[in-house]
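I have a structure here, written as structure tokens, and I will follow up with some questions on it.
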Amino acid sequence: MSPRRLTKVAVSATTLALLGSMAACGSDNTAGGSGGGEGGGTADVWALQDTTLNPIEEASIQRYNDGDGPGSVKLSTFGNDPYKQRLRTAINSPQAPDVFFNWGGGSLKEYVDAGKIEDLTPILDADPALRDAFLPSVLAGAEIDGKQYGLPMRGVQPVLMYGNKEVLTANGIDGMPATWDELLADVATLKAAGLTTPIALAGSQSWTELMWAEYLLDRVAGPEVFQAIRDGEGQGWNDPAVLEAMTMLKQLIDAGAFGTANDFSATEYDAGGTTQLLANGDAAFHLMGSWEFTNQKGTNPDFVSAGNLLYAPFPAVEGGAGDPSNLVGNVSNFYSVTSASPNKQAALEYVKTQLNNPDYVSELIAAGDVMPIAGAREQLAATEDGDYLTTVYDLTENASNFQLSWDQDLSADEATKMLTELSNLFLGVQTPEGFVAAMAG
Amino acid sequence: MSITQSGTPMARPPASAGPSASVIGPKRRKVGREKPNYLAGVLSAIWLVLVVVPLYFMISSSFRTRQDYLRDNPLKLPSSPTFENYQSVFTGGFGRYFLNNIIVTVGTVAIVVALVVPAAYAVARNPSPMVQRGFSLMLVGLAVPAQAVIIPVYLLINQMQLYDTLLAIILPTAAFALPVAMLVMTNSLRDIPNELYEAQTLDGAGALQTLRNLVLPLAKPAITTVTVFTAMSAWNGFLFPLVLTQSAEQRTLTLGLQTFSSQFGTNVPGLLAAITLSLLPIFFVYLFGRRYLLGGLTAGFGK
Amino acid sequence: MAPVLTFFGVFAVLPMVLVVYLSFTDWDGFGFPSLSGGGNWSRALQDPEVGRSLVLTLVFMVLGWVVQTPIAMMIGVWAAGRQRNRAVLSSIFFLPVLLSTAAIALLWSAVLDGNFGLTQQLPFLDRFSFLGDQSLVIYTVAWVLTWQYVPFHTLLYQSAARGIPVSIYEAATIDGAGRYKQFFRITLPLLRYTLITSTVLMLVGSVTTFDTILLLTNGGPGTSTRIAPLYMYITGFGAFEFGYASAIAVILLVLGAGLSLAVTRLTGFRKMSSQQEGS
């Protein structure tokens, strides 16, 4: 490009910007972008970039487009971090998606409250077979105020406790702890045997620390306490159970279960740190989402195939009000339809017909997803990792409550604050009382 | 400021077209004949180790398999070197990111140079208070970090329907490179003696002709500096690509490195291969145009 | 002048004005910003994290200057020598200049990784948790910044030192002045302008540690390295409190503009060409 032409481009761009900016504060915050809501009845589906998942999603869309449903569908994918940011700004604009990927729970509720999401209850009412196709505890993840705002589009990902069998056996520990006291005893045994970090913790990513708080509060007091916090009801964070759970957590931290702050605070999960620590035997336990199995299998196949990777639900707390069958984690991911969608017919028909499509389900199962589809158990059992996948399936089916990760269930600002305070608690610069005060304040 | 968004040590050289270091003649030889300076020698040796060891670690580890990386002594040469990391970096989209980086860099430099030369000429030659005030206004931007305005820039780019395009990176990057570029350019043009301008006027040359016949040739060193600086800040830019783009198609190299880092997980050698690859093109520029590159960086400081 | 001002106006000045406006609004990304009076500002004044992150920004500024200046000056003066080995070595010294900030931050996070990093394989260094220790991490970040920036400043000092006429040193040698005396009596005073330049660049540049810290520590452990720009970023693009984030951004903006003014006024940077030593 010649400098002259560039100048021209620059000048016209600036003029355009000036005009645009006049409206920037007052009017619609349009988001430009790759999505594009062109006509022709093509519904735009937004999902996360995922090398395993995207081809399966594409195939599902292809199936729809090959069928005789109204209009057509196309896929746009986004990186994890920018996704929420993009969705926020685009949802008000003509570039809004027609169908979008979400985590359900409180983060979806923000959109529902803003009047952006189509109620899918009538569809389920009209088609009870569709409702029955999904596991109820999972469907509940996108149920807000008694209405269904999304349908599960991939596997469940509850948080489980993982263990290294060799390390446990070498220290005379027989299997995974069933109760909190057993866990404390195991930690003491392992510490005494010279293991610096009995439990691997990826402390640089505080959502891994959050898993401990989520399970402890649930085991101590049941799911209602957090639900009240989320809904802004009752005592909220001031509920004594929160302090009790945080104090128990503090005891575990102070017992050196995760090593010292220097050991865990820079360890990353994304970079594979804790996965490796467990496999190497530098840690005996690791609390992580069910995807950890796939990760271990990918990075340490020998460790997994030798049967050294143990898994179990989070221990029960004696005398606690919570049902030990309760799970926390990513309930599933959901597809929701935007209420302002100009291609609503295609969008609704797509989520209605394709998410429990047998091909879609079996492709996801082959990729290691535990699909929350009634009757998927047989298919799961037939796979190479049948034992593990059916365990996850059964836990999910039998869970009396499946709590979505708090950071997805709270509004973004509260979640951010909570993660900061929690990471300070783990570092020892915040007390359980201080945590409660900061969150309640 | 380029300094700000790039995070590279960008200077703001008042590029007076003075004698550069390389011009200085042989009469300096004598300094070298003194007795050796042990203190400086030892310090330099320590610094050498601190610079070389991480770079050696980076390159040697990039040829290890993931297993070897966890097993081997990191300071030894790889026991069984492999190119697989480089392969996976390329299949991971490195070429695309690289191309995007070049487009962003070239685009930014083109805009900055095209805007700055005539503007600096105006500041240097036109004493009108409007022009001078405009210049002062730009200088206030010298130390304003790009982070401070990223939210409104994000709004603007959205408003202009430019989100997730390379132009969305180029435009603000260029704008924030302007204050430095203006300063360098203006100071350089001010150094042109008045008589030369007057001679042009006497010859009946108009402003445009003067620009072409007199200003451009004499401003070459300053243009070089502006080019090198702007190019480095655009090449290294991180914040604007981070906030203003999202798709893999528009990803620049710096952002790509971050993507590799989470994508590769425990595969540290893969990440190190990506970093090494990102260094290579500049390294070749450095090999063949070291004087030009380093000279450009410090022009105007070298007096 | 008009095109450049328009361009700068749209992409730099207009955002500066807008960010001030936004700091008086509430905006969570849904819908439109709504005016909220001084709410964000009274919150910012009460938020201990704002003060802490600003102090931390200042700490990195000062720490950076104190560590980098002597190293850059010494190596620069040393590298100014014309010996062949010095030329070769200094071309190696400058290598970090070629790496992007992102590359440097990611390289060092691999080197310093507390479990699998290079430092964990080396004697003595393996006892430190460079990125995990809350009291150590500030120095770790300062070191990475030093590694990144010193080469450039070395270059400045090198080319300035080469510009000092040899005759001055010759005269001093005749007068019997030793090496160190020469350094403090001749080199240092004659490098004062470079010192100012380099200092200015370091101060301005240290507002930019954003990318390095984001990639190296992400502000952690906890909030140990959460400098003001990062706090602003997390508030805006993590918590979607764009209004409050804008208030923090305005503080940064004012500090930056103040620094620019101070620099251009105090050092005469604006018209430096005619004031350099030796000209």
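First chain written, first letter: the chains are A, B and C, and each begins at residue 1.
Here is the rule we use: contacts are C-beta pairs under 8 Å (C-beta built on N, C-alpha and C of every residue); 3 or more make two chains touch, one makes a residue touch a chain.
Keep in mind the model is a prediction, meaning the values are calculated, not measured.
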Graph class of chain-chain contacts, one of line, ring, star, complete, other: complete
Of B-C and A-B, pair with higher C-beta contact tally: B-C
Chain whose mean Cα position lies farthest from chain C: A
Distance between the centres, which are taken as Cα means, of chain C and chain A, whole angstrom: 37
Length of the line joining the C-alpha centres of chain A and chain B, rounded to whole Å: 40
Inter-centroid spacing, chain C versus chain B (mean Cα positions, whole Å): 15
Sites on chain C at which at least two other chains make contact: 3, 7, 10-11, 14, 18, 22, 113, 116, 237
Multi-partner residues of chain B (at least 2 other chains): 70, 111, 115, 152, 155-156, 171, 174, 261, 266, 268
Overlap residues in chain A, where contacts from two or more other chains coincide: 7, 10, 17, 21, 24, 29, 89, 271, 273, 276
Partner chain B, residues of chain A touching it in the complex: 1, 3-4, 6-7, 10, 13, 16-17, 20-21, 23-24, 29-34, 49, 77-79, 82-83, 86, 89, 270-273, 275-276, 295, 299
Residue numbers on chain C that touch chain B, as the complex places them: 1, 3-5, 7-8, 10-16, 18-19, 22, 71, 74-75, 77-79, 81-83, 89, 91-103, 106-111, 113, 116, 118, 121-122, 147-153, 155-156, 158-160, 162-163, 166, 169-170, 179, 194, 197, 200-201, 203-205, 207-212, 214-215, 229, 232-233, 236-237, 242, 245-246, 249-250, 252-253, 256-257, 259-261, 263-264, 269-274, 276-279
Contact footprint of chain A on chain C as seen in their complex: 3, 6-7, 9-11, 14, 18, 21-22, 25, 28-33, 113-116, 129-134, 137, 217-218, 220-223, 234-235, 237-241
Chain A-touching residues of chain B, taken from the complex the two chains share: 66, 70, 107, 110-111, 113-115, 152, 155-164, 167, 171, 174, 246-249, 259, 261-262, 265-268
Contacting residues of chain A [partner chain C, same complex]: 7, 10-11, 14-15, 17-18, 21, 24-29, 84-85, 88-89, 91-92, 110, 114, 203-204, 261-267, 271, 273, 276-277, 282, 412-413, 415-417, 420, 423-424, 427, 429
